[in-house]
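First the structure, then my questions, so here it is.
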Amino acid sequence: MLAKLFQFHGGVKPATHKEASTREAIAQVPLPGRLVVPLHQSIGGTPRPQVLPGQRVLKGERIGAADGNVSAAVHAPTSGTVVAVEPAVMAHTSGLTTLSVIIEPDGEDAWIRCAPVDYRAMPPDELRDTLRDAGIVGLGGAVFPSHLKLKPGKGGRTRSLILNGAECEPFITCDDLLMRERAPAIIRGAEIMAHILQADEILVGIEDNKPEAIAAMEAAARGKAQIQVVAIPTRYPAGGAKQLIKVLTGIEVPHGQRSTDYGVQCFNVGTVYAIFEAIDLGRPLISRIVTVAGNVARPRNFEVLFGTPMDHLAAQAGPQPGTDRYIMGGPMMGYPMPAFDVPVVKATNCVLVASPALFPPPPPEMPCIRCGECAQACPADLAPFELYWFSRAHNFGKAQEYHLFDCIECGCCAYVCPSHIPLVDYYRFAKTEIWAREREKDAADQARERFEFRNLRQDLEKKEKAEKLAAKAAETKAKLAQEAQSGGDGGADDPKKALIAAALERARAQKAQAEPKNTDNLAPATQAEIAAIEARRTVLSPHADSPGSAGFAQPARSPGDEQWTANAPLSPPDEAESGLVRPGSARSPEDA
Amino acid sequence: MTTAYTAGRTSLRSGIILLLFALVFTAMMALVFELTRPTIAASTQAEKMKLIDEILSPGSYDNPLLEDFLELGPTPELGLAGGGRLYRARQAGQPVALVVELTAPDGYAGRIDLVAAIRVDGQVSGVRVVSHKETPGLGDYIDPRKDKDRQRPWITRFNDLSLAGVGAGGWKLKKDGGPFDYHVGATISARAVTNAVGRALAYVAGQGDALYATPTPP
Amino acid sequence: MDIARYREIFWNGVWKQNTGLVQLLGLCPILAISTNLVNAVSLGLATILVMAMTGLVIAALRNFIPYEIRIPVFILIIAALVTVVDLAFNAWLHGLYLVLGIFIPLIVTNCIVLARVEAFAAKNEPIASTVDGIGMGVGLLLVLAVLGGLRELLGSGTLLTGIDLIFEGTQPLVLLGQDYPGFLTAILPPGAFITLGCLIAARNWLDSRAAARRPSPRPPQAQPA
Amino acid sequence: MITSPFIRKPTSVQQVMLTVLLALLPGVAAYVWQFGAGILVQIAIASLTAVVVEALFVHLRDKPVGLFVGDLSAVVTAWLIALAFPPLAPWWLTALAVALAIGVVKHLYGGLGQNPFNPAMAAYCLMIVSYPALMSQWPAAGHLDFQSQLQLILGGARDLDAITGATPLDALRTALREAAQPDSALHGLAATHLMEGPAYGWLGGRGWEWVALGYLAGGLFLLQRRIITWHIPVAFLATLAATALLLWGMRPEQFGSPLFHLASGGTLLGAFFILTDPVSGATTPRGKLLFAGGAAFITLMIRSFGAYPDGVAFATLLMNLCVPLIDMATQPPVFGHKKD
Amino acid sequence: MTHYLFVVLSAVLVNNVVFVRILGLCPFMGVSRKLDTAVGMGAATTFVLTLGCGTSYLLDQYLLTPLDLGYLRTLSFIVVIAAIVQLTELVIQKTSPVLHQVLGIYLPLITTNCAVLGVPLLNVALGHGLLESLLFGFGNSVGFTLALILFAGIRERLDGADVPTPFRGTAVAMITAGLMSLAFMGFAGLDRAH
Amino acid sequence: MLAALLAMTGLALLLGAALGFAAIRFKVEGDPLVDKIDAILPQTQCGQCGFPGCKPYAEAIAKGDADINQCPPGGEEGIRKLADLLGREFKPLNADNGTEKPKAVAVIDEQVCIGCTLCIQACPVDAIVGAAKQMHTVVEPLCTGCELCIAPCPVDCIAMVPVPETVETWKWRYPVTKIHKAA
């Protein structure tokens, strides 16, 4: 029974450039001088470091423990000594650093004791924990912790487990080679996962330009009725999880929904292989297959330990002159690396050695002519030019209305755009801006809540104080009344008068206190506020300009910027302090 | 806007003030109206006379033209769907000419309102466009103020011609076999005006003396 | 002192808060009546008259008008004054009356009159309010004049058509020659919008040029690099 | 920093526009064959003006002149104006139209890609409103030699009465109107009869049907090169034909036949080259159908009842107005959101 | 029947208040920055204008004309309309606070939307009956709303355009309005059959 | 003339009655606009706008007493949103109120702090913990960066430290359009 194939909208067919790196088998990489293993290698919480500098570790020893459930452990890729646990530049376009464990290999490559697991005997929850602690994350690029994806959806069953062997990006062949060489292990891994997911069938989707891999997988799956290897038409991005699910099952999983709820789940074949190793061999995830291609003499696939510097890896393939940067991933979705020596991480499926000759800088960006090419190419059925139009204008609300977050950043739109617009950059820009705004909004909401709470608390405190005062006043009144009574002739008026006089006195004092400046007929409260603000500014500025705090407050001010300081003469600290009385806490004269 | 009408007292007070203002300013307007009424009536008359003077020489009659008129009901012959007026010019009591309001319904862009003066012998004394919607720059030469030919505006082509002079059925554009020329590219406007004037002449001729004889309605 | 203030108010109306170019109020008469210079200027003068009168009257009466019914009262006063002007034009400037037609009564709803009354006359003394009204009116007049002149010139190659209706015996100027094939759109509504758009842009451009030239008293904060 | 994708399909705006120009060539060839080489002069005048004005504005905006003039979009606009104008229009009319199209309608909005209105059609409308007389002088087929055409275009005196008349659309309108008059000689004659004069060919105006066929060929070429999609031409032509059929079926004596409408005026140029302007047109598939359908309906209304002989230009502008709303309302469902 | 249809159609398209009659320009320019406010303003104007045409017809027919008070027309119309606007405001404020916030400053300005006075005056000038007056008012306000919504759609899109600096904002909006009015000239003559 | 006066009197009375009735019938309280404005403000509560906190500023805007460009922490973005909400024209931040700065948090130098609690009283969001005579600490995620705690500190031990960028907060830059000729 051959499954009926479906089609996804859009897509493009760039030249694949895959032949060169499939000529030779997967090779091992000699141990580098040091391995830099970032702790943060997957979506979710950054694993907590488990080792200290100077400590010796064995291959496969856990060096970072999962931080919460949305996280995955990190392990030592080889045996050796931890030289440092410090921030190091990560394999990320930003060039930011992240806490990394730096290991100096001892060359012995000594494994910890591996404990295979009998998956049929172990309850699924424990299996998932095992996978988390083995550091298994998606190797298809998204590095999402796999144990989280291995939960059956509603109803506890899954219709189809899909193995993603499409590998649609040009240049990349790591999955191809993995399937050719280790098909039986992949099938074994798939069976484990089908067990966890309670899946009815396993579909292996492979683009029809990889006949060898298809043949190998079919051979390995022979006799297993549950498993079907399906050749799908070669069209980028057929390997996108949603697209592959659509092609194989016709199901469209919307953005932000779990595919298991739709009865399907999709894993990269590399992930499946890693799960096989973790369960059947008891080995955590410490290496992966990486394609080295591009501006190298012998493009090839390597089994690479995480933490291996990319230039060390590239050296194995015979780098050629003219290289200007490395790209992690393929030419459609890959990220340029900030340096040559960034480490290979779990997300590294390919190190594309780039040169201006191979990937020339794009022609100048022209305005969008709304030709609609991009919409015809978009596999997510979006209107990329509208997203671009609004992102460019910083109109993020509109961009979201046009489903910015359904964009999978596949790059098809930018690939076809006759105006050479870096469309995906605009989307990435817009997405990170929106996230930043959401964070700000959350922070603001929290601040509002806390501010209101504080005001409430202060009001309560004030009320209490007032009550106390009132009680005291009543006492005084009573006392005065008593005195009057005893004094006799003063009459009933006198104590009242005294009280009024006292109150007047207080009010006057308050007024004097609250009116440090000649701000005219405002309410006393407002005046106090204004004073507060005024004072705060005046005190702040000398701070900002004093050499001691210049390092903190803000970057050095330009010399031409006198006005700022001119506005803020030094003022005696006591005024400043009295000025700092905040409205809620406006001190009554009694306090002073 | 505030809606501070709630308190009955304020709202009453406001009402009274509003009323006062209304009264004072209405009084002012009424006063000015009474003051200007005669002048306005006079200048409206003058305006009308100015147009009529263009098509009928003021010296040719001696009666107060605007007071000697006939109310016409709907008259399809003149294109008047809602009726109009017809003024009579007389010299020493003798009929001199009729000033007819007429409409050409089939202009390029709709109705063309005209006024024509027709002498008692059936000759056209003059025609003017009162209002029209013809395309500016193309069809609007029917209005002499817009006609590029200041010396001899197109609309004066009809002057001193009569149905009889042109010949029965011959009151037409050159294009349609008549004597009247037109601007190329804007035949429709010219045709509409020409045909309307022709129909008016026929109507006046058909009615005969009755138009002069009927007394002015009160 | 007062002179300086009045000058400020006046300048505000003529340039800074120009009704046609900045506040975008009172657009209908501006656009509709600017088909030629004579009409435009006449309407401008009429508006100045109305604005000065309403400013004066309302500012003088402002203390008698309760806040909550101010809008109806303002409208009442404006409407009455406009009707008076309308009647006066009809009686004594009949030719002009025919030209300005429906638009004299519409000065009532000319947003700018009410807007100024509400924003200024209701809060200031009569003289200042009159100055403000005149300033706003002059601003409007200038826009009208430029707009009317441009449109007439482009549209028919002449200036001051219709002047004979006001001054007997005068003749319009034919500037671009008898053969000038008028750019008719200029006289039609699209031309009005487009020309006014260009005037607004010209004002923006002049303003930004002036701002760039003037060493601003408050240099903008130098952003930390 | 250069980011992904690192590879791009070899296409460019220039190539798109060049393809459009190529696609116009069959129509131009037919034009020259039927009406003489005067149109080439018009195209030259228009293109020259377009390049100069475009360069001027691009320079004023401080953008690279070579890049933006080289994108050829201004030349497309120029050619379309030249082809939509009467071929013997005086040179300044064409030049003024092109200058307004590029300078006002395109560059005041920021230039290429930003204009909400179709520059060529906006200029056409500006001109027919401003110079209705000049804009309705059309020559009959094969009437004039090149020399006199050149003189008419460049020269001053324009005694055109002898050689020009109304175009078929215009003439038919006039005739139909006359036929509606009870006292006219033509009264009661059907449009098909009115169209038997020498000004008419086997479909629409004599000679024009060949030009229309040229545009059709060019349009098919554009479809084949995937510069345009089928939606706009098909929706436009189908709606136009259907509406015309309806009117003609009801009162053949008052309305032109569907075939006549398809072959006359700006129909085919509009369907393939004008309404398909990507910048000012609708972008979604359903939106394109609505856009073109609406344009066809308005075109026919204007032709049959309106004040202007051809409605393609006004219909284009009117539908341009609706584009933001149409696009908003017809966004196709996004992947995964199809059911709701 | 067709006559009434023509009254409406002609008011909406052929003699559009904004583009042909040039009335109601201030709110047209002022409230067209965003589509949803445009819709709200259109709805409010439709309500006020239709109602205003009806009332002013009655006022004219049964008060001013019999008493020969033609010169009070402007005054009384505007006062009645101002009252209607204020009523509308109160009702909207109560029933739809959001709409009220959005329309906020513009609701009182409806009073000064000259279309609101101009259309009733045109009604008198054209000698419309009650039904015609109502339809004419309705047609004109629909025409106003249509113009406003189309304009707002384009202006929203223009937000992202790289318009030359002096033309940013209202200048280019004005030019857009000009081209829109040019487009509407295409409808010229469609009411001729009427 | 009498007719005119009578007619207008009648009209004025009628309308006055109708309006008066409606004003009572459709009375509304509360102002949802303030909350909408407040939701846009950054809640730094720093008072730079000239009002004691964001809510009072929101109220002032709603009433028309304050302009929309007075909140430096909200920056251009905030002004843009306010302009959008209120249908006003965007205008740049009023320099009198301060300038937009990168977000920073207060850090107390724990070596120097004498535990006077003055900063605790100043902090509008209770972001500082500590008790009298004990060292105080700023709870970083709660700190809005309002700088109100800096001035009261008698020993100047509080400094504002810009929040460092992490992979989570890193933003893609706006793609630079190289269309303009000028470099």
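The chains carry the letters A, B, C, D, E and F, assigned in the order they are written, with residues numbered from 1 in each.
Just so we're on the same page, a contact is a pair of C-beta atoms (placed from the backbone, for glycine too) under 8 Å apart; a residue touches a chain by one contact, two chains touch by 3 or more.
Keep in mind that this is a model prediction, so the values were computed, not measured.
A.B. asks: Which one of the chains is farthest from chain E, going by Cα centres?
C.D. replies: Measuring from the centre of chain E, the most distant chain centre belongs to A.
A.B. asks: Which one chain sits nearest the middle, judging by mean Cα positions?
C.D. replies: Answer for the innermost chain: E.
A.B. asks: From chain F, which chain is the farthest off, judged by mean CA positions?
C.D. replies: Centroid comparison gives B as the farthest chain from chain F.
A.B. asks: Which whole number of Å gives the spacing of the CA centres of chain E and chain F?
C.D. replies: It comes to 37 Å between the two C-alpha centres.
A.B. asks: In angstrom, rounded to a whole number, how far apart do the mean CA points of chain A and chain B lie?
C.D. replies: Inter-chain centre distance comes to 80 Å.
A.B. asks: Taking each chain's centre as the mean of its CA atoms, how far is chain D from chain E in angstrom?
C.D. replies: 33
A.B. asks: What whole-number Å value describes the gap between the mean CA coordinates of chain A and chain F?
C.D. replies: Inter-chain centre distance comes to 29 Å.
A.B. asks: Counting only residues that touch at least 2 other chains, which ones in chain B make the list?
C.D. replies: 1, 3-5, 14, 18, 22, 25-26, 29-30, 33, 108-109, 137
A.B. asks: Can you list the chain A residues in contact with two or more other chains?
C.D. replies: 364, 366-367, 422, 425, 428, 554
A.B. asks: Residues touching two or more other chains, restricted to chain D: which are they?
C.D. replies: Within chain D, residues 1, 64, 104, 110-111, 114, 126, 129-132, 307 contact more than one other chain.
A.B. asks: Would you mind writing out the residues of chain E in touch with chain B in their complex?
C.D. replies: Residues 71-72, 75, 79, 86, 89-90, 93, 108, 188-189, 191-192 of chain E touch chain B in their complex.
A.B. asks: Contact residues on chain C for chain B in the complex?
C.D. replies: 64-69, 71-73, 76-77, 79-80, 83-84, 87-88, 90-92, 94, 98, 178, 182, 184, 187-188
A.B. asks: Which part of chain F faces chain B closely enough to touch in the complex?
C.D. replies: Residues 1, 4-5, 8-9, 11-13, 16-17, 19-20, 23-24, 26-27.
A.B. asks: Show me the residue ranges of chain E that touch chain A in the complex, using the header's touch definition.
C.D. replies: Residues in contact with chain A: 157, 159-160, 162.
A.B. asks: Please give the residue numbers of chain D that touch chain A in the complex, ascending.
C.D. replies: 1-9, 11-13, 15-16, 64, 67-68, 71, 73, 110-114, 227, 229, 278-279, 281, 283-284, 327, 331-338
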